[in-house]
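Some structures to go through are shown next.
Both complexes below contain subunit A, partnered by subunit B and then by subunit C.
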Partner chain A sequence: MKNRVNRSAGRLSLLMFVMASLFVVPATGNELLIRITEGADSAIPVSVVPFAESGQMPEGDKVSRIIQNNLQMSGEFAPLPPEQMLSLPSKGSDVYFRDWRLLGQRYVLVGQVSNSGGTLRAQYELYDVSQEKRLVGATASAPVSASRSLAHHISDRVYEAITGVEGAFSTKLAYVTLERNADGAIYRLQVSDVDGKRARVRLESDEPILSPAWSPDAKKLAYVSFETGKPAVYVHELESGNRERVADFPGLNSAPAWSEDGRSLLMTLSKDGNAEIYRMNLATRDLSRLTNHWSIDTEPSYDHTGRGFFFTSDRSGGPQIYHKASEEAEPRRITFGSRYNARPRPGPSGRYVYYVHQRDRAFHIARTNLESGAETVLTRSESDESPSVSPNGRMLIYATKSGGESVLTVIAADGGAAYSLPASRGDVREPAWSPIVR
Partner chain B sequence: MIGHERDIGDRTQPPWKSPVALSVFLHGLILVVALAGWSWTTPISDPVPPSISARLVTQAEPEPSPVVDVIDEPDRDQERQEAEEEQRRQAQEAERRRQEQERAEEARRIQQQKEQEQQRQAEAEQERERKREAEQQAAKQKAEAEAKERARQQAEEERRREEAARKAEAERLEAEQERQKQEAERQAREERERQEAERKRKERERQLKESQLEALAQEAEQEREAEERRRKEAAAAKARQARMLSESEKYRGLIRQRLMSTWYPPASATSQMSTTLQITLLPTGELASVTVVSGSGNTAFDNSALSAATAVGRYPVPDDQQTFDAYFRQFPIEFNPENAQ
Partner chain C sequence: MKLTASKNVVALIFSFALVAGCSSTGETTGEDGMGAGSGSGSGQDQQSGGTVFGGDDGSSVSSSEMTEQQRQEAETRAQEAEAEAMRSITTFYFDFDTSEIKQEARDVLVAHARYLAANPGQNVRIEGHADERGTSEYNLALGERRANAVQRFLVVNGTSRGQTETVSYGEEKPAVMGSSESDWAQNRRVELIFD
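Our next item is the complex of A and B:
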């Protein structure tokens, strides 16, 4: 009897155990979290469906084509060639998501452009294919002559909708080309769209032009010109074409960099016998000496705070990157990885600084994480120079050698896909990425 | 009884030496002589009854000394021849003497007749006397015999009594022995029985104990089996859970892989951003619904997560319904780019 009681008690406990275990399983199941810490390495598949057109379209690239190229150039997107598309819808109601899913697309941009009285009007919609959700639906217009600007604008909107980052396709590039002919060399300071199109020469000279730098409002360029036979710093107003020689001191006048407010320039002067960094008040032309060292201090660049700056100094023997958190602060050495690190350009977030980095006699573009000190070499070509970061921090342009000539190459700022700008004639060097123009 | 006595008495002498035999022989001899004489003279009218004459000889004549030396007695044949020779010689002698005697006998016979008459009378007297005496003797003997017999009987009785007593004693002893034996046997039996009983008792106890032990053992066995069953059940449940867990782990891995290929962390993503979605699946692995449980504050980031979750056309889920229900019917996914800027 006792035995039976025990047994039934055992059975009961067993039953309870089984039931408990049954209840326990889903409870633990709910705690099982799937954590995704890494995304696809590849670019985002996006389809820019050729826009439906009505009215007279400007010559040259179509708006949708420009958008497609922009997205491609960023390195972050992998646009589907239109010839592979199953259908070419121009409005959301015509989008069959199943088709786009079958093509492995994540986003689809559809739209239509019409020309009404010399104004291009674009209606466009961006869809998330997997969610079957419209992310953007907008209308933009521009003069027919500014169809590229319209395309860049739409590119920026698409880019921002998908990435959460302001697009930089409407910004400009300044660079210097060198053309050698029978009469000698011709240096040209040029400004173009970020895709290299719509390039316009702003200055032409027989003498070298160096170090163009954009004012924060993107309306002026500061640069070094040897046009007088010796280096001097000029400030050039783009719209009017007015230029002003702001620094023409004995010795070296070089490497101008705009302050955040656009009222002063950092520059390297050797008027006191040694290359030092000075700040010049553009209104008063007053100079403030910011470095004082027997070695060369040069190539200053304001950091994202606008108070401190990076510069190159060979005070430790070879050129290395230093940072001064403020004008009064003690310089802090940033780079240690090799004997040659120069031409610092900080990213907009303040997280990274980009520079030319020599390794095994080759010059690469590298970046250093300012928090961790970790250095990453971003390029594989061998004669890379003059890095410039896009204002959204997502892209990087630099000059490199290709086929004996200097070319400009755009890469994703984290070292992704490279996009070479269409080369104009001759060497292209000294690129400078403009701020975002609002 | 008498024969018995005589037997005892005769036992000392061989039969031919006995006085009876001798007397018979002598009488026979006398008879022969007498007969021979008779035939030559006048036969004697009344033959003496042998028994009486025999008795007379015995009575009259003294006990003769042994004629024959026992020791010298040669072998029988020679003795017989010699005896026969002797007989012949004696017969011749006896013939001569008979003739002589016959004459003497004649004279003496008359004498003798007288004497015999006298003697007969005397003898009759004697006989009577003797008879009387014999009778007396017989009576006496009888009495004696009777006494003897009585004594004997008494002795016999005594003997018998003794015998009986002995026998009785023996019987008593025997009985006693028997009794003792029986007693011993009884005791032995009782002992045996007692032992047997004890053995049986012990056996019973043992059996009881054994049965109790067996019951205990059985109980323990059952308990052990129950425990084993519980343990196995628990192990099975655990194994099932582990299997489900490992199975779920496998599918979690597959899902993670799929999401890693469908998720494009946006350019704005930082390692601090995190979006958690709640996924609800159909048993086929199709997405039933997805909601943002906690957003990152960055629309593009949240959207990238949602897009990634919905981009998975069919989630890899286990066929096992239980595992699916336990782990994959509804589960959270966190998107957090560790390596982002």
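Our next item is the complex of A and C:
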């Protein structure tokens, strides 16, 4: 496995490669811990009052606690610690606005959660303190085993009611952890909630796993795995665990990116001599070559129109971000600010593109406003990689180094608050934020 | 094909040092790494110094000629040892974001190329690597470009393309852990793996 390429095995399984249990390990992964490293000055003061409880509550974090963490993680809110609250109301009629005004709070969330026959039911109300007005009053329920999903759902409703933007707390993160030991390395492709909890290992290999990318319906991941001794692109159905090896050509098979309709993948192949970008129709496996240059062309990502795409090319001498407005269009160079700009990821609005940017020997995450061309460096740490934008465009996750190990950090997409998500052991890298599933 | 690998290597590297008409015409083309496949091909077809001497000198051996032959054989052995020592180097380093083969790597790679040319049954896996800086996918492509540069160099110097296989690991398999300039320099590399 380590040094040999088993070509015959590769060919046999080229068409339909159903996962052997050897690799897919539907086991509990190592959860990421949220570590708050930086707060935002402009964060909105909000109070998530601990929910009243009746009946058997699930083990682990309480629903209201999860909501509080989520709001804090967004960087847009500064939740009041419950011990500083003057009262702990659980329904609207018990909310005394004067108390909350005194505490400088703009919003208050109150609620109750009950367990009846294994179903967790939450009744919650969100109030605007200054207007003394109820913004949300709703109930939601879920099996007790899905209490975190229930909390994420309420977080989304609260977030949207206050900001007017769809919440992204019910989405998922995919990432790769790397554990080095005496025998070598163990790579694990994992999927967790956006708060790092409920992590599950989806693939385990002693060879590298790279570049997980979510299908638009969030049901599949495409990624690069070296399990045969060389890079190949796989499509992995999360629920069934079935996988297909969709690209295993000579040379590079890498950097998969889904089309809007989920029917094609952009990818980097070097079968024709050097790294070029192709579109593969997943049903027919037909390839269309989309770039043609002697330089490296890689890291494609569709833009918000779903027709054009961003990519990295070193055709100017070093890696820079380019955009093709359509498959036929001439590439337009986007970045000029430094010698190294790579791995573009557009935000959902089409206004910004995010990427890795080298400045003074350090690698940061930066974004360019595509209308004005203005570039903003968003991070200050020195080895920042793999930016992935939340589907609502408000948060950004990326990998960085902390104490010699790779950790994930979440920031507001305009800079500001930062939260790091270190793995309990080993490195964590290559984060990919899932789409919102409606 | 009768040539031993090491003699071929020696002939190439030290062709300028060898006196007599013992066959360095083919090899000189390969010297600068630009001689295209022809240099190596003709080199293989030529008779080696040893074979030539054996045939030519068989009937009229004088003691002084023997001494000369012994001297040459000793020299050849020394050169073989040197070529073998050279071939013990299987890792080649690169500057940041480049795939240019460094000057000091060229003689060693030529030795490898000639060895492979002389041993068509021997395959080599060429692994390209990058340091941890920059993005993983770009580094994958950069590692491939480095591996391809070495592959081209070997082929130009006589190795058959079919003997080679390239793979890039990008920044995934560092030779050394750590994030200093010297760690990075050791990780920007191509490794030749002979099976």
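Just so it is clear, the second predicted complex is superposed on the first by the 396 of 438 C-alpha atoms of A that agree within 3 Å, B and C clash if a C-alpha of one lies under 4 Å from a C-alpha of the other, contacts with A are read in each partner's own complex, and residues count from 1 in each chain.
We take it that a residue touches a chain if its C-beta (ideal position, glycine included) is under 8 Å from a C-beta of that chain, and two chains touch if they have at least 3 such contacts.
On a predicted model such as this, the values are computed, not experimentally measured, just so you know.
When the shared chain is aligned, no partner comes close enough to touch A:Gly241: not subunit B, not subunit C. When the shared chain is aligned, subunit C comes close enough to touch A:Val356, but subunit B does not. When both complexes are overlaid on chain A, the residue A:Ala161 reaches subunit B alone and has no touch with subunit C.
Contacts of A:Asp414 after superposition on the shared chain: subunit B is touched, whereas subunit C is not. Using the contact criterion defined above for the overlaid structures, shared-chain residue A:Asp128 touches subunit B, although it does not reach subunit C. Touch criterion not met for A:Gly117: it reaches neither subunit B nor subunit C. Of the two partner chains, subunit B is the only one touched by A:Arg394; subunit C is not.
Once chain A of one complex is fitted onto chain A of the other, the partner contacts of A:Glu76 are limited to subunit B, with no touch recorded for subunit C.
According to the touch criterion, the shared surface of subunit A, contacted by subunit B in one complex and subunit C in the other, consists of residues 3. Residues 219, 222-223, 226-227, 229-230, 233-234, 237-238, 241, 244, 248, 252, 255-256, 259-269, 276, 298-301, 303-308, 310-311, 313, 322, 325-327, 330-339, 341 of subunit B touch subunit A in their complex. Contacts from subunit A toward subunit C in the complex involve residues 3-5, 180, 208, 210-211, 224, 226, 229-231, 251-252, 254-255, 268, 270, 274-275, 296, 298-299, 312, 314, 318-319, 340, 342-343, 356, 358, 363, 383, 385-386, 401, 404, 429-430. Per the touch definition, subunit C reaches subunit A in the complex via residues 97, 125, 132-138, 140-142, 144-145, 148, 165-170, 172-173, 177, 179, 193, 195.
On the side of subunit A, the complex with subunit B involves touching residues 3, 6-7, 10-11, 13-14, 17-18, 21, 24-26, 29-30, 32-40, 44, 76, 101, 106, 128-131, 135, 159-165, 349, 351-352, 392, 394, 414.
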